[in-house]
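Dropping the structures in below, format is structure tokens.
Note that subunit A is present in both complexes that follow, paired respectively with subunit B and with subunit C.
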Partner chain A sequence: MVEPFSQSFLIEGRNFLNAGKASTEIKSILKQLGVNAAFIRRVAIAAYEAEMNVVMYARKAKMTFQVTPQVIKILVNDEGPGIPDIERAMREGYSTATPEMREMGFGAGMGLPNIKRNSDDFTIESEVGKGTQLGITINIS
Partner chain B sequence: MTVQEIIEDLGLSVCCGEGNLTREVTGGYSGDLLSDVMANSKTGNVWITMQIHVNIVAVAVLKEISAIILVNGRQPAEETVRKAIEENLPILQSQLPAFEIAGKLYFLGVVA
Partner chain C sequence: MHKEFQSILIDGERCQGRMACMQVCPTQAIRVRGRKAMLLRDRCIDCGECVRVCPSRAVLPQTSSFSDFSRFKHTIAIPSPVFYSQFGKDIPPSAILRALKRIGFGDAYDAACASESVSIAIQEYLDSVDSPRPLISPFCPAIVRLVQIRYPNLLDHLIPIESPMEIAAREAKHLAMKNLGLRETEIGVIYITPCPAKTLATRNPPRKKHSFVNGTIAIAEIYPSILQVLPDVMAGDNGDDIRGLGLGWPIVGGQVACLKAEECLSIGGLSDAVRIFEEIENGKLRDIQYIEAHSCPTACVGGSLNVENAYIARGRVLRMVQRFGGKPCQDREKIRGLYRKNFFSLPGKIPSVPIQPLDEDVSKALQKLQQKQELYERLPKIDCGACGSPTCTTFAEDVVKGEATADDCVFIAMKGFETLSANLLEKVRAHGERVRDIKEMN
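On to the complex of A and B.
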């Protein structure tokens, strides 16, 4: 049985040097908690993509990570430009990344689809000019 | 096959991660789009790429990549090496392009 656990991370927009830090920490916590490796792999992908979206597009975000014996949840609440057309943003291959981001290997248009594919439940809400909220749930029981 | 054996067979130079070359290589993945590598590489793969900036280390650590092979003589950024040392992640280099490295790996039996 996995012990309940909860932690929040502050993610800074545009800070590419620290990008991936929260996801890497989440992964090592899950390992310590003894969560099955197959679930950890899915969480790592979803958390990384969510973190990178904040780094690339938002000013900052709070990422909350919760573990219960049944589920792993990641909630991301960012302050940023928001997404005007969520349906389009969810489409594989669609990206609004700048040329600089693309040079670094971002902007494949796979971020949100990768998150959805690795989640058992995925919610996204966004308000233009305010920010975006993601809810990622992975069942582990 | 281990990372060390691949280094010897392909004549790669080692930028960092010398302490972790006995890792077993399960296969390989080639790609410069980070989300593609996140989605499609597998635990223990070697990752062939032209990307040299620090974010490749986070991707490799999250996906438990056994080593990164930089192709076309690309030099990793200073920050990339610093972080890879912290994570004990081997970064290897070749003058050859990605296609040739992938071909040679396949020939050695390192298949996807």
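On to the complex of A and C.
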């Protein structure tokens, strides 16, 4: 049994300067492992959307990335406003992005649905006023 | 395995292991072992940065020499349009073509006009093909290689359109066959290149086996002979037969200036290209139609085999576009017709050539990743390069791959030495005490 490799990233809300660095690092790790490109793309999209959600809405988050020969897991635990209506947030096209966020190319209401679409298993829990936890699992074929 | 042509070689005799190349290499493709630089072929993208900085002139771009062309009955020089920007500010492209003939080529053929045709073909492709966006220009071979190595997910984004170099070479050959009654094998097309990457593209075209270019000569190599004959060829027709916006292709934005699509980006420099490619891989920038990307920050006028300062050359290109760019050199409708007949299309797929993973077996690669991380934590993280790897991260990787040992790091070696000397000191002290005890006993 191989020990899972794991790495944690601290993501700061509102810090657009460093936005995307965690997902870039995750991609770089996967490329060193030689897993296939299409799989890396799914992870890249899911990780990036999750990271950007934190940057745009939350105060901060811990993002943990775990990989075994069979599966990768990304857990995001944020301190932020939480999501009052998860079902609505999961609907494509629904967004609470500000005009500035839209100007930057976000807020098409695709974030969470996009993460789900690229995951094999996706969990989300949220408490208003406290924060949101995402669990993303993607199987390495 | 088929031995791949390399456009850059390091001369082991000249190399003094001074590491300038290793420090500047944007893909960490150089290591210095035993005071000699070596190139890791699977990481090299032939950008030529190492050629530029080597203090010992030991990094040699591989081009052809004139004698290689004696086997052809007829030779045709095709200068990269960059070549037009290497001489005095008002020397027209037509005089430069005459100079190439004067120094011994059978003919000289312009490629800027082919750039205009290719721009029209790109526009047609953008208007008619519904493929993943943004499309990426495939005309900088170093960028193509970067995508092959690091962004296999983006291979489908490279627009499958032939380069102006190939289009011009094909046209020039066909014309010579028609006008001089020669066979294709009797004609040698020589591209005058601004960079080693173009040489590689003629030897190992990524999509297909055969290039219409038979050899390349560096701009810097041919420059002195052209300079010598220029005064003799200034008289002659210096009209605007070489004209059109294709003349602007050697600078950042030159391609996009030929297109009508609004959502286009022009990128110069590998680090910016990497940032943009990361974004595309993350699923962003889908509303951008076309990205013109160059590995050199100033595009082809900044190639490592040029003579003129990139910014002066850029100014000259802009002036040429001002003088000769207004009137197109091609009939748009004719080119659109050719496009529909697949005159510009590139068949086949570009393969990915991923960097060697830590191990072929994912489980073993994971173990090595763990070891790499543990070793990295012990390193000083200052990327001094004294170990012969460009960064502490690459060093850790080299060690777990068995290509270096942890002691190659001076900081780790020093720690080892400290422990060793402390142990020794301890032993000497213990020994001293024992001697004293024995003396006291006696």
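As a convention for this text, the second predicted complex is superposed on the first by the 136 of 141 C-alpha atoms of A that agree within 3 Å, B and C clash if a C-alpha of one lies under 4 Å from a C-alpha of the other, contacts with A are read in each partner's own complex, and residues count from 1 in each chain.
What we mean here is this: a residue touches a chain if its C-beta (ideal position, glycine included) is under 8 Å from a C-beta of that chain, and two chains touch if they have at least 3 such contacts.
Quick caveat: nothing in here was measured; it's all calculated off a predicted structure.
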- Message: For the combined arrangement obtained by superposing on subunit A, do subunit B and subunit C clash, or do they fit?
- Response: clash
- Who does A:Tyr48 touch here: subunit B (first), subunit C (second), both, or neither? both
- Item | Contacts of A:Lys27 with subunit B and subunit C, given as first, second, both or neither | both
- Should A:Asp121 be classified as contacting the first partner (subunit B), the second (subunit C), both, or neither? neither
- Does the superposition put A:Gly111 against subunit B (first), subunit C (second), both, or neither? first
- Touching partner for A:Ala19 - first (subunit B), second (subunit C), both, neither: first
- Could you say whether A:Ala38 touches subunit B, subunit C, both of them, or neither, answering first, second, both or neither? second
- Query: Where along subunit C is the clash with subunit B: 6-14, 168-176, 276-284 or 384-392?
  - Reply: 276-284
- subunit B/subunit C common contact set on subunit A: 20, 23-24, 27, 37, 41, 44-45, 48-49, 105, 114
- Note on the structure: Within their complex, subunit A touches subunit B through residues 16-17, 19-21, 23-24, 27, 37, 41, 44-45, 48-49, 52, 104-111, 114, 117
- Contacting residues of subunit B [partner subunit A, same complex]: 32-36, 38-39, 43, 49, 51, 53-59, 61-63, 79
- Which residues of subunit C touch subunit A in their complex? 150, 152-153, 278-279, 281-285, 287, 352, 354-360, 362-363, 365-367, 369-370, 373, 397
- Query: Which positions of subunit A touch subunit C when the two form their complex?
  - Reply: 2-5, 7, 20, 23-24, 27, 29, 31-35, 37-38, 40-41, 44-45, 48-49, 67-69, 105, 114, 140
